[in-house]
Amino acid sequence: MTEELTVGVLGYRFMGKAHSNALARLPMFFPDAPDVDRHTLVGRDEAALAEAADRFGFSQVETDWRDVVDEVDVFYNLGPNHLHAEPSIAALEAGAHVFCEKPLAPTLAEAEEMYEAAQSSNRVAGCAFNYRFVPAIRYAKGLIDDGELGQIHHVRGRYLQDWLADPDAEWSWRNSKELAGSGALGDLGAHTLDLARFLVGDAAGDLTRLSGHLRTFVDERPTGDGETKPVTVDDAYTAQAEYENGAVGTFEASRFATGHKNDHTIEIHGSEGSLEFSLERLNELEYKSSESRGYETILVTDGSDPYIDHWWPPGHVIGWEHTFVHENYEFLSAIAEGEEFHPSFADAYEVQRVLDAIERSDERGEWVEVDRD
Amino acid sequence: MTEELTVGVLGYRFMGKAHSNALARLPMFFPDAPDVDRHTLVGRDEAALAEAADRFGFSQVETDWRDVVDEVDVFYNLGPNHLHAEPSIAALEAGAHVFCEKPLAPTLAEAEEMYEAAQSSNRVAGCAFNYRFVPAIRYAKGLIDDGELGQIHHVRGRYLQDWLADPDAEWSWRNSKELAGSGALGDLGAHTLDLARFLVGDAAGDLTRLSGHLRTFVDERPTGDGETKPVTVDDAYTAQAEYENGAVGTFEASRFATGHKNDHTIEIHGSEGSLEFSLERLNELEYKSSESRGYETILVTDGSDPYIDHWWPPGHVIGWEHTFVHENYEFLSAIAEGEEFHPSFADAYEVQRVLDAIERSDERGEWVEVDRD
Amino acid sequence: MTEELTVGVLGYRFMGKAHSNALARLPMFFPDAPDVDRHTLVGRDEAALAEAADRFGFSQVETDWRDVVDEVDVFYNLGPNHLHAEPSIAALEAGAHVFCEKPLAPTLAEAEEMYEAAQSSNRVAGCAFNYRFVPAIRYAKGLIDDGELGQIHHVRGRYLQDWLADPDAEWSWRNSKELAGSGALGDLGAHTLDLARFLVGDAAGDLTRLSGHLRTFVDERPTGDGETKPVTVDDAYTAQAEYENGAVGTFEASRFATGHKNDHTIEIHGSEGSLEFSLERLNELEYKSSESRGYETILVTDGSDPYIDHWWPPGHVIGWEHTFVHENYEFLSAIAEGEEFHPSFADAYEVQRVLDAIERSDERGEWVEVDRD
Amino acid sequence: MTEELTVGVLGYRFMGKAHSNALARLPMFFPDAPDVDRHTLVGRDEAALAEAADRFGFSQVETDWRDVVDEVDVFYNLGPNHLHAEPSIAALEAGAHVFCEKPLAPTLAEAEEMYEAAQSSNRVAGCAFNYRFVPAIRYAKGLIDDGELGQIHHVRGRYLQDWLADPDAEWSWRNSKELAGSGALGDLGAHTLDLARFLVGDAAGDLTRLSGHLRTFVDERPTGDGETKPVTVDDAYTAQAEYENGAVGTFEASRFATGHKNDHTIEIHGSEGSLEFSLERLNELEYKSSESRGYETILVTDGSDPYIDHWWPPGHVIGWEHTFVHENYEFLSAIAEGEEFHPSFADAYEVQRVLDAIERSDERGEWVEVDRD
């Protein structure tokens, strides 16, 4: 691991900032992480791009990702969903390792192409399901894998936001089927479905069958210039599902859940114990063990907890952004050491199959198999 | 309201105790309630019945309800589900007012007969959805009716218990389709569906379409005498649904939710505000108003809160059993004053239609209309 | 225990109602409790008294307690504090068992007389520290007595109400030193100090030394007839203290804690574990055991929990008033069986010594010994 | 603000890491902050120091602070308490701006010298009470300053940790009066007292009189080499106090509060509203306004909240370390713009006067004036 990895990043707003920060923080907190050269930042608005590159520590900028994918060791695709497939595939084909924002693609077909491109390459292809890297989630995963919950019976995931509850909230690409693929389903539900799979995939197996439902509450929204555009994606989705082992899953997300900003919760009940996690209190895990009478509130900030020895003493809580540091650490280390990284494009493709099944089920009004064949 | 109402009660265990207590407490706390004569207690085990009658303040016992229904003004049917229809209908036909435990019946057909018997009589026929009588729920209903939540977008109800999570927990009538009709669905889900209907029925309209799912985790259970019996009902159900106004409903109950004893929660999101209620903290209501930034925890124990002026000063919390006192007060007052009582058999029949739709949907694996026609 | 105990009760408002209710509920829920004849209700306002007697189930009324104390087996003194000593002592001297509201008396001198009267009699003399009878508190006491918390280091008790935060709230006897003895200190602090003593008295010993502080925020209040009267008691008190075993105690109460209605909390930290209890969630206990990482929330409503087998199944919460049922059950059972009852006048006198020490310390501005000698 | 500020930092462990991280993060998130050159890192263990300098981004190391204080623009004194006075004063005299960890000094005399040195210089002298820079605290301060709480009646602060509850936990400089000045009092209580002063200093005035208490539970501890050393500081302190405006304050900290890792809470009750804050949930503020019935849980992560526009969208929580970024931003900006910074040495000296008063009171066993004169 003697060489520096050159990194190109497409996208310089929210996610660009989150990943640039993660890259910048690695040397101080994860000194065994590979060295990274923040090489090129890619975007369309040249002025904003230049300002961002300066702040985020990139030495170059480009307005066309095509000029970048074969110039860097690692390509971060943080663009909107409709820009996931082509640049990611091109980068893989150019020999770059790729890290792509979630959901993998707007459609299952594109996701499949991406997955196949990743399989055909010998590059590391990761997808940005960052909530796998919350220490409390890792700790929960350990409890489940150790059998502390016994047989899994229930998985319940929901992701509640409220930024569209106001019918006059402005239209954005996230409201367009063409640009985003889906709405709350792909944006929020993808996180939940990956997180559930990460936690119980080994213990309960895959989701096999499900019934999904999509709902759009407000059909068009103002664009800010006096016009309106149609909302062609869901504002909320729900799903009920069966796991391979017989467990029951229920999933839900909304952008209309007044009073909830970023409220991603997952709850798991097994024959021996239960777990509850909420993203807005991400340092905490609620755990009902076979020994306890009620749920205990564990502050997952001890030195022995996942990743915590890199940070601060017990009780000195970390934030949302730390999940990106952990994620980038694992991703870059996998590249440097020639190991697998999860969540991979293969993992993200599995999530995409579930997203697709939910959409199919919604169209047909009936239960569907996740497996299309 | 000068005369005393004579009351006959079928059932002397859990529900018999809860209602007897409620009747006994009315004079001290609701002095304007009609006078009640706890006349006859009905059951099969003569020794246990006699002991119960003595404790519960009944002057007579009978082992056959047929000998009671035409002897009393009011007949309480607190027996297991398969004993709801015949005695209730006979009592109505004999001219008694009837109060029946929930769910109304094991099947929609029986529920319909009961509903029609109630319609044909001019008696008060009430069903025991006691959670309508929690002060915090009444307070919540007031907020919704006053439009404080704006347009309703989401209704989320779940009822979690864990007494069957142990596969060796004993078989009871509650595990039998013949005796109970359904499992978690009718026992717990009926409560949730009635509560949701009470709260948002006016604001969001009826549930029109839904997709339901039933699941049995353990197929047979020990009977205590070395044998086993089959479990022919669901251990858990889930449902997703549409309201008349376009709102989305999700519902779930389980007897396998390790760590949850009697955890009945309902959450409602509207365009202007949100509400959350949990039965295990029944004195509290979580309320996000249009004026507040987050949910406020309201201790619904002020003198101005529903029913509270009958009880104790602010902060002196009431318990689960108080809902029965309120329920009986309303039921008996309706009889005395010749007014309507809700939840009526008509209300309970509406719930039964939803239970039936969930079962139909589960059988077919597709969305169904709640309306069979 | 063949005979019925005749009971006379002084006071027919809040406490009169709470105890009458408790007496009325015993036969149904605690059938082995002694039979009670609610004999005479004592008060000054004849009309209100008659109405109350009718509701509370008393067969007679009297306006002078002197006419009652030698006519009943048991005398309940539920009057304001300045009426505690004389009637209670007279009743004991007349051979009645006595149950007196808390605090025992407005002054230590009167409390001592009451205590001595109790000692000289062979009657049961109980004081109404009802929070000892919360199931969660009994459960907590069991954990402490079993050594689960190890050596006790910290005891922290506070009782927060807000009914005087409004400077225009009306004057009542509770604002008068002559009638009440003290304010928040005796009304609320007495509860806290008894509860702490009940829980850790065996494990940590007595409070030996303390520093107390009293504070009156509003010096006079309207009487409702256009006049004002002076507030001659504390609106809030604080105290810091040492236990025999070296533990540290901190105590506080206020009638000016905006947003808190009846928020009585106690927290205990030992070398091996910790406990937290809050009266507004009285069915719950927060417990950090030596085995758990965080506090677990125990819903103390299982059949194996103290008193719960008399009530309802797990998760069916009880209320504030149930503590009175338990308290009366224990008190009357002690009378019937010739056993001790706690909290006795002796226990209440120990609390009064601490109240007195807090007042002495406040006057002197220095630490004082609880023991005056 | 055209020049870069050169910075020397004494201390390279916990606080050295926290501040180095804060300095490193400023350019990306607070681009208008002054440029900083992480110039020299100071420590005694040369190997560890070199490794730390490399990770923390310092170009030079020194083992004697005397060689640094006149070489840098800004001197960060992050050493143990007994090393606060001399290097800080020397740095001020050498013309450096100084930032010193809390508490300002082990003794009031040294704190006074430091304060006077700061007054005599025209340099910025800041003290590291970082909790002033939590967004929820800033937001709370705004509510109080806007009069939303009305007249302040109660301030309650406590800081609970448990790392010494085990009697075999190892001795460190934090257990030595000579090296630390005091124990929980100076380490934790100083934070609480500064935070309370920040929040209510304008609304309630200064603490004028108080009664303090110190307690050491374990008198000696193992050193790790088979020996023991005496514990000469407090393991816990408590204090009760009066504010200028008549409000009551209670304060407490412990290193023996089993189950609490870094549980710093502050609660304030006014005539119109109340606030509660807990460091372990630092993104949240509990607020009872004059309009609400209960406390609302505000997630203080909106773009309009203090500092949040520099970070992430609503609901994407920040962590403990972010308080250091805000603190350093304000401190360095004050230097660059020639403005005041708070908390200054003057502010820290005010805290030290209260620490001293608590110690004096504990020695004398009586209330003392905070003002020694």
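Residue numbering begins at 1 within each chain, and the chains themselves are lettered A, B, C and D in the order written.
Note that in this section a contact is a pair of C-beta atoms (placed from the backbone, for glycine too) under 8 Å apart; a residue touches a chain by one contact, two chains touch by 3 or more.
Labels paired with UniProt names: A, B, C, D = Oxidoreductase.
These figures come from a predicted structure and were not determined experimentally.
Asks: When I count C-beta pairs in contact, which pair ends up with more: B-D or B-C?
Replies: When B-C is set beside B-D, the one with more contacts is B-C.
Asks: Would you kindly tell me how far, in whole Å, the mean C-alpha position of chain C (Oxidoreductase) lies from that of chain B (Oxidoreductase)?
Replies: Chain centroid spacing, chain B (Oxidoreductase) to chain C (Oxidoreductase), equals 36 Å.
Asks: Measuring centre to centre with CA averages, how many angstrom lie between chain C (Oxidoreductase) and chain D (Oxidoreductase)?
Replies: 41
Asks: Rounded to a whole Å, what is the gap between the Cα centroids of chain B (Oxidoreductase) and chain D (Oxidoreductase)?
Replies: It comes to 55 Å between the two C-alpha centres.
Asks: Where in chain A (Oxidoreductase) do residues touch two or more other chains at once?
Replies: Residues 260, 288, 294-295, 299, 302 of chain A (Oxidoreductase) each touch two or more of the other chains.
Asks: Testing understanding: with touching defined as stated, what is the shape of the graph linking the protein chains, line, ring, star, complete or other?
Replies: Looks like everything touches everything, fully connected.
Asks: Of all residues in chain A (Oxidoreductase), which touch chain C (Oxidoreductase) in the complex?
Replies: 287-289, 291-299, 302
Asks: In the complex, go through chain D (Oxidoreductase) and note every residue touching chain A (Oxidoreductase).
Replies: It comes out as residues 14, 17-18, 20-21, 24-25, 27-29, 31, 55-57, 161, 163, 260-263, 279-283, 299, 301-302, 311-322.
Asks: For a test of understanding, state which residues of chain B (Oxidoreductase) touch chain A (Oxidoreductase) in their complex under the given definition.
Replies: Those in contact with chain A (Oxidoreductase) are residues 149, 153-154, 156, 160, 162, 165-167, 211, 213, 215, 217, 236, 238-240, 242, 246, 248, 250, 252, 254, 256-260, 269-274, 288, 294-295, 364-367.
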